[in-house]
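Both of the next two complexes hold chain A, though its partner changes from chain B to chain C.
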Partner chain A sequence: MSIDITGVRKTYGDFVALDDINLTIPKGQLTALLGPSGGGKSTLLRVIAGLETADTGTVTIEGTDATKLPPQKRNVGFVFQHYAVFKHMTVAKNVAFGMEIRKKPKAEIVARVDELLRLVHLSQFSHRLPSQLSGGQRQRMALARALAVEPTVLLLDEPFGALDAKVRKELRDWLRRLHDEVHVTTVFVTHDQEEAMEVADEIVVINEGRVEQVGTPDQLYDEPANDFVMGFLGETTRLNGALVRPHDIHISLSPQLAGASEGVVSRVLRVGFEVRITVLTDDGEEVGVILTRTHARQLGVEEGVRVWVTPVSGATTVPTMAANAG
Partner chain B sequence: MTGALSGATIDVARPAPESGGRPGRVRRQKPRNTLTPGAGLGLGIAMLWFSLLVLVPLSAIVATAAAGGWENYVNVLQDPQTWNALKLTVSQAALVTVINVFMGTVIAWVLVRDKFPGKAVMNVIIDIPFALPTVVAGLVLLALYGPNSPIGVHWAFTSKSVALALAFVTLPFVVRAVQPVLEELEADVEEAAASLGANRWTIFRRILLPSLFPAIAAGAALSFARAISEYGSLVLLSGNRPNETEVASVRMLSFIENGSYASAAAIASVMLAVALFVIVVLDIVQRRVSRRG
Partner chain C sequence: MVKVSAPVRWTLRLLAISYVFFLVAWPVGMLFRRTFEGGLENLADALGDEDVVSALVLTAQVAGIAVLINLVFGLTISILLVRYEFPGKRLLSAMIDVPLSVSPVVVGLALVLVYNGRDGWFGKGLEEGGFQVIFATPGLIMATCFVALPLVIREVVPTLTEIGDEQEQAARSLGANAPQTFWRITLPSIKWALVYGVVLSLARSIGEFGAVKVVSNNVSGKTQTATLMVEEKYQNFAQGSAYAIAFLLVMVCIACLVVVAVLRPNDEH
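Up next is the complex of A and B:
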């Protein structure tokens, strides 16, 4: 196992950023730390890198106890949200920096920089200054710079957070392919569940300084451990006091299935190929249902129509806290 | 690397900006100026004001000096007392500027990076040498380093007093130039360097210093310019002893008092040349260094 975190706790005054984190991050995989802003995921990443020190607990990287090691000695590559470029150095110099620190022979540095710039598609830009690059290019340069020192683990802190939606999506796919090639153990922080689901082999959901669940994207989506995980990964709605995905709800104009709740369609909204329907049940719940446009047309759902809704068989449902209490 | 990677749409290369070639032609195609009528008026007012205050008086000085002809220049500069005054002024100003570069950077660093009680007060006090009337600065220094020195340091009326007075009045320049730049440096750049294996000294030398250098150079230029022109604080502290503690500005005044305007103007134009030279050199060095990796 590549990174072992045991009993890590970190507080800033009264604020508990990390609360007894125990986590093992597998070697050679792409792991996402996913959670809402301020949930502690960036702090955990910085603790792994040695940029923050934990109050208690240990961090072990590839079998070496790194808890007391300064960032310089951990051999991790770190990529920051806002690129952290060395503004006064050319792209090639930026990438070479870590190797120059390690006093590698000049010829080796030149060859490796060349190889890395080709890997991140910046060969043509090697003599430019970072200010002459776009955001996406800068982030790829930062990635090459981090990879140059052949890190044991690569840590990325919201790497695409500062980029616009289109570039973000491109870089996401590109990171996945890059990882398939380089195979370095990679941990990246994101608050975007779609990004985590698309890119990661494994997702660690972190909220309020605690690990909520660890698993593959499918596991988390299909078998969420609790209502927080269910709510954070994908859309949810509430039906009979349980969380259920809006596209997992069967809707009919007559009582077809046993246990279906009766209600009235209060709103129909078409977004592209899907139709979002809000049903106000007789029990007073507002249930969101998502259908394809074809399906909605076949059913003939309109505002004011009386309908019956129930989770489809095999749907993922999680009882909510409110339902547990009642 | 592989087909999969090169298939990405993100690797579109734009042609590198043209360097070399025939830049002259490109330049000619641009309009000669881009001023709107309003901006033209603004430029006119700015130039008029600048001319009345600076350009015309400066030209007048040079003209006055030149009216005496080369002979006058040679005579004035061959006078040992004048030559010594010029040498003292320039050398002490250079010394003080070098001290300021180090001390000013250290003070700015402490003010930005460290937390300590009294920091806010220190931050305000830094400007006092600049804000005080310079004669008062001389008086303050005389109290501490003069004949009645409470600490037993009798530097007044020696050449050390010149450096002392200059260091006092030029203290804030480098501090105030470096401080805002240091404040705006992003912490993650240093963290990135640290995670790449750079120790604190390497981070300072290779990452921070190149970013700070333009500010340090600007502060140094101001500091030097102020130092060679200093008069007020020196009058009391240095004693104005010919060939020993007499600076150029004091020498100039004595020429004027003797009615020798052309000689005073000659010194003035020499000082003007020195100031220009230093400011231009610092600017060139600054451009070079901030480009280097």
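Up next is the complex of A and C:
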């Protein structure tokens, strides 16, 4: 196992950033730390890198106890949200930095920089200054710089957070392909569940300083451990006191399935190919249902129409505390 | 920008130009004219005078050493103020501005109180140990350091704050230790601010008069700096020499300002 975190706790004054974290991050995989802002995921990443020290607990990287090691001795690559490029150095110099510190032979450095810049598609920019690059290019350069030291683990802190949506999506695909080529153990922090599910082999959901669930994207989506994970990984609505995905609800104009709740369509909103319907059930619940445009037209759902709604068989549902109380 | 009418615009320009002209340009221009009234004679006379040369050399020495000391301490204090949290930080920051607000004469007097050889707190012990501060070069350097202290710090602190510590953290994660990070990342990032601070303190150090006057006993060839010599020459009706030395001092400061003006655009990087 590549990274072992045991009993890590970190507080800032009264604020508990990390509350007794126990986590094992597997070797050679792409792991996402997913959670809302301020949930502690960045702090955990910085603790792994040695940029923050935990109050208690240990961090082991590839079998070496790294808890007391300063960042420069941990052999981790770190990529920052705002790139942290060395502004006064050219792109090639930036990438070469870690190797120059390690006093590698000149020829080897030149060759490796060349190879890495090709890998991140920045070969033609090697003599430019970072200020002449776009955000996406700067982040790719930062990645090459981190990879240059052949780190045991690569840590990325919201790497695409400062980029616009289109570049984000490109870089996300690119990171996945890059990881398939390089195979270095990679941990990245994100608050975007789509990003995590698309890129990661494994997702660790972190909220309020605690690990809520660890699993593959499919596991988390299909078998969420609690209502927080269910809610964070996608849209949810409440039906019969349970959380269910709006697209997992069967809707009909006549009572077809046993146990279906009866209600009235109170709102129909069309967004592109999907139709979002709000049903007010007789039990007083507001249920959101998502249908495709075609399906909605076939059914003939309109505002004011009486309908029956029930989760489709096999749908993921999670009972909620609030519903139990009500 | 808000548009103002033409008469207002012209009045404002005229006001600004005449203000600077009557306060700075004309007096300095007169100084230049007087210096060269008899051709190069005044300058040649002054530079032929052994005492004048030694005063200029002393000023250069004192200013040079003071700037070097302020550079090292200014840089250290700046990094301390920006990168670290400690009790009394705000007090330290406020103390650094004291030299800007206190009259240099007061600075000189304060130094004399503490370091004089007869009843000064430290002065007595130092003098017994054979190290004279007041009425000697060390006192001149200390007084100059004091008045120029904030200039490096006030230049470097904003730049250091602006660049943040992410680049330094990145360098650390790439394997650089603290000294390597400082030389390769921090220093190049604040290079221009540092140069600007040094040039400003150099100009200030060369021109210092009040504080130096108090701690110097004004012995020609020993503790008389160029500014003190200008005063003495002028009072002794040797105006020609006084103008010539003043002219040299002004030229050095102008050279400093030109250097700054040339460097400043590079700050954008």
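Operating definition for what follows: the second predicted complex is superposed on the first by the 323 of 326 C-alpha atoms of A that agree within 3 Å, B and C clash if a C-alpha of one lies under 4 Å from a C-alpha of the other, contacts with A are read in each partner's own complex, and residues count from 1 in each chain.
Convention: contacts are C-beta pairs under 8 Å (C-beta built on N, C-alpha and C of every residue); 3 or more make two chains touch, one makes a residue touch a chain.
Keep in mind it's a predicted model, so treat the numbers as computed, not measured.
Visitor: Please tell me, clash or fit, for chain B and chain C sharing chain A in the overlay.
Guide: clash
Visitor: Give one of first, second, both or neither to describe whether A:Ile101 is in contact with chain B, with chain C, with both, or with none.
Guide: both
Visitor: Give one of first, second, both or neither to describe whether A:Gly161 is in contact with chain B, with chain C, with both, or with none.
Guide: In the superposition, A:Gly161 contacts neither chain B nor chain C.
Visitor: With both complexes overlaid on chain A, does A:Arg118 touch chain B (first), chain C (second), both or neither?
Guide: The answer is first: A:Arg118 touches chain B but not chain C.
Visitor: After the superposition on A, what does A:Ser131 contact: first (chain B), second (chain C), both or neither?
Guide: second
Visitor: More residues of chain A are touched by which partner: chain B or chain C?
Guide: B
Visitor: Which partner chains sit in contact with A:Pro70 here, chain B, chain C, both or neither? Use first/second/both/neither.
Guide: both
Visitor: Is A:Leu178 contacted by the first partner chain B, the second partner chain C, both or neither?
Guide: In the superposition, A:Leu178 touches chain B alone.
Visitor: Once the two structures are superposed, pull the chain A residues common to the chain B and chain C interfaces.
Guide: Residues 49-51, 70-72, 74, 76-78, 80, 82, 84-88, 97-98, 101-102, 142, 145-146, 148-149 of chain A touch both chain B and chain C.
Visitor: Can you list the chain C residues touching chain A in their complex?
Guide: For this pair, the touching residues of chain C are 163, 166-167, 169-177, 180, 184-185, 188-189, 191, 269.
Visitor: Where on chain B does chain A make contact in their complex?
Guide: These residues of chain B touch chain A: 1-2, 4-6, 8-11, 13, 16-17, 186, 188-189, 191-199, 202, 206-207, 210-211, 290-293.
Visitor: Name, in rising order, each residue of chain A that touches chain B in their complex.
Guide: Going by the criterion above, the answer is residues 49-51, 70-72, 74, 76-78, 80, 82, 84-90, 93, 97-98, 101-102, 118-119, 121, 124-125, 127-128, 132, 136, 140, 142, 145-146, 148-149, 167, 170-171, 173-174, 177-178, 181.
Visitor: Would you mind writing out the residues of chain A in touch with chain C in their complex?
Guide: Its residues touching chain C are 49-51, 70-72, 74-78, 80, 82, 84-88, 97-98, 101-102, 129, 131, 142, 145-146, 148-149.
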